[in-house]
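Some notes on the structure that comes next.
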Amino acid sequence: MKVSYFAWIRERIGRPEEEIAFPASVVTVADALAHLQGLGEEYAYAFEKPGIIRAALDRKHVKPETPIAGAGEIAFFPPMTGG
Amino acid sequence: MKVSYFAWIRERIGRPEEEIAFPASVVTVADALAHLQGLGEEYAYAFEKPGIIRAALDRKHVKPETPIAGAGEIAFFPPMTGG
Amino acid sequence: MARIKVRIQPEDFDPTVEIAALGAGRADIGGIVSFLGLCRDEGGRLAALELEHYPGMAEEEITRICEEAVSRWSLLGLTAIHRYGKIAPGGNIVFVAAAAGHRQPAFAAAEFVMDFLKSRAPFWKKEHGRDGNIGDWVEARDQDEQALMRWR
Amino acid sequence: MARIKVRIQPEDFDPTVEIAALGAGRADIGGIVSFLGLCRDEGGRLAALELEHYPGMAEEEITRICEEAVSRWSLLGLTAIHRYGKIAPGGNIVFVAAAAGHRQPAFAAAEFVMDFLKSRAPFWKKEHGRDGNIGDWVEARDQDEQALMRWR
């Protein structure tokens, strides 16, 4: 699955996107985030406050409990500050 | 005292302004309006619905019970429709 | 204190110029909310609106409304322009723009000024029909009077 | 149904052109409310803001917000433009304009779109300081999240 990062999450991880094969145990958006936390120091740092991280599946806002099955892309980003 | 009329009140009376010497019995804006109603057919027509008429003393909105003493100009007009 | 600019004129105005003037030479403005009021043709019925005003009081009353807005919200600039005379459908009638550090006071002030301007500024609209009929005065809308209640 | 126009671009835009485009060739619009969001220098501290966005999702999310506004209010046109990239103090960041027969739906829709755009459109601002320091990300304001509550 394509995984994208934005703003300081992208900066902390060091890349804007990557392909990640999530194990079958990863069912929801929250599971995906927890999986990423375990991929190394930079991921642990980027996701150290999971409560404030927002996520989108196929470019639509989703909640932590949303299942990721069937989606082509998941994105993680900080609270938005546009406008 | 200078008396001004606007919109359909001006049209009904047939002039935009005039000088009127109100008798001493005219104390408030409502008194002035009642006095004008008695000046002729065109005035009676212009002021036939006194409840909807608005007034200004020296270019400030006033209520019917406001005393007119000391003012240089009184204006009568329909509800405003600017904007 | 925000600079207030009020103009009552028969000439047209340019919203861009007015918006640019609010922001000119400063970098502390976060948002400018503007309202542009236009002449409607009422489904093709109207050839023009003729706006009568009370000279002197129109300027003073709109200035009073703007001063009240400036006292209620933290603004960096407030402009109100109202035309009088004959205006064709699609033409500009009124313009209000409020500049502030953030968007909320700018939105609130612009809407406040428009609400009061509608029911308190001494202007009256007369309809010129496309059928040649002249003389129906636009009636005040109850809705406009009710709009003032929420600012109490 | 109101025509919705959404643009996400690095280039500057001209509010006048956008306001004129909403009214072009029609005489049923009574009012156009616009919001222009500008880059503040934060008391002289900032040299620029750098706006990062999520390509694709930015257009789609702002379009969704505009469609929701069109379903809630009777509008005749709705335009939303958001820039990305580096923007200097005093420069334009965002523009929203809503056209309607009367002023109330135009005000409500413009404020609704701005409220949701602030907290839902995928943009992030990074500060470039005048002291050469680059990299502080602007934090979301609680106030912006709270602003959404009243539209429920």
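A few points about this structure:
The letters A, B, C and D name the chains in turn, as written, and every chain counts its residues from 1.
Just so we're on the same page, a residue touches a chain if its C-beta (ideal position, glycine included) is under 8 Å from a C-beta of that chain, and two chains touch if they have at least 3 such contacts.
The shown structure was predicted, so the numbers you read here are calculated from the model rather than taken from an experiment.
Any chain bridging chain A and chain C, meaning touching each of them, is among D; the list is complete.
The mean-CA centres of chain C and chain D are about 23 angstrom from one another, to the nearest whole unit. Each chain gets one centre point, the mean of its Cα atoms, and the points for chain A and chain D are 26 Å apart. Chain B and chain D have centres, each the mean of its CA atoms, that are 48 Å apart.
Among all residues of chain C, those that touch two or more other chains are 37, 103, 114, 118. For chain A, residues touching at least two other chains, in rising order: 83. Remark: the chains found to touch one another pair up as A-D, B-C, C-D.
Per the touch definition, chain D reaches chain C in the complex via residues 14-16, 19, 23, 26-41, 43, 89-90, 101, 103-104, 106-107, 110-111, 114, 118, 143, 147.
Against chain D, the residues of chain A that register as touching in their complex are 4, 6-8, 10-11, 56, 59-61, 75, 77-83. Of all residues in chain C, only 37, 51-54, 56-57, 60-61, 82, 93-94, 114, 117-126, 135, 137-140, 144-145 touch chain B in the complex they form.
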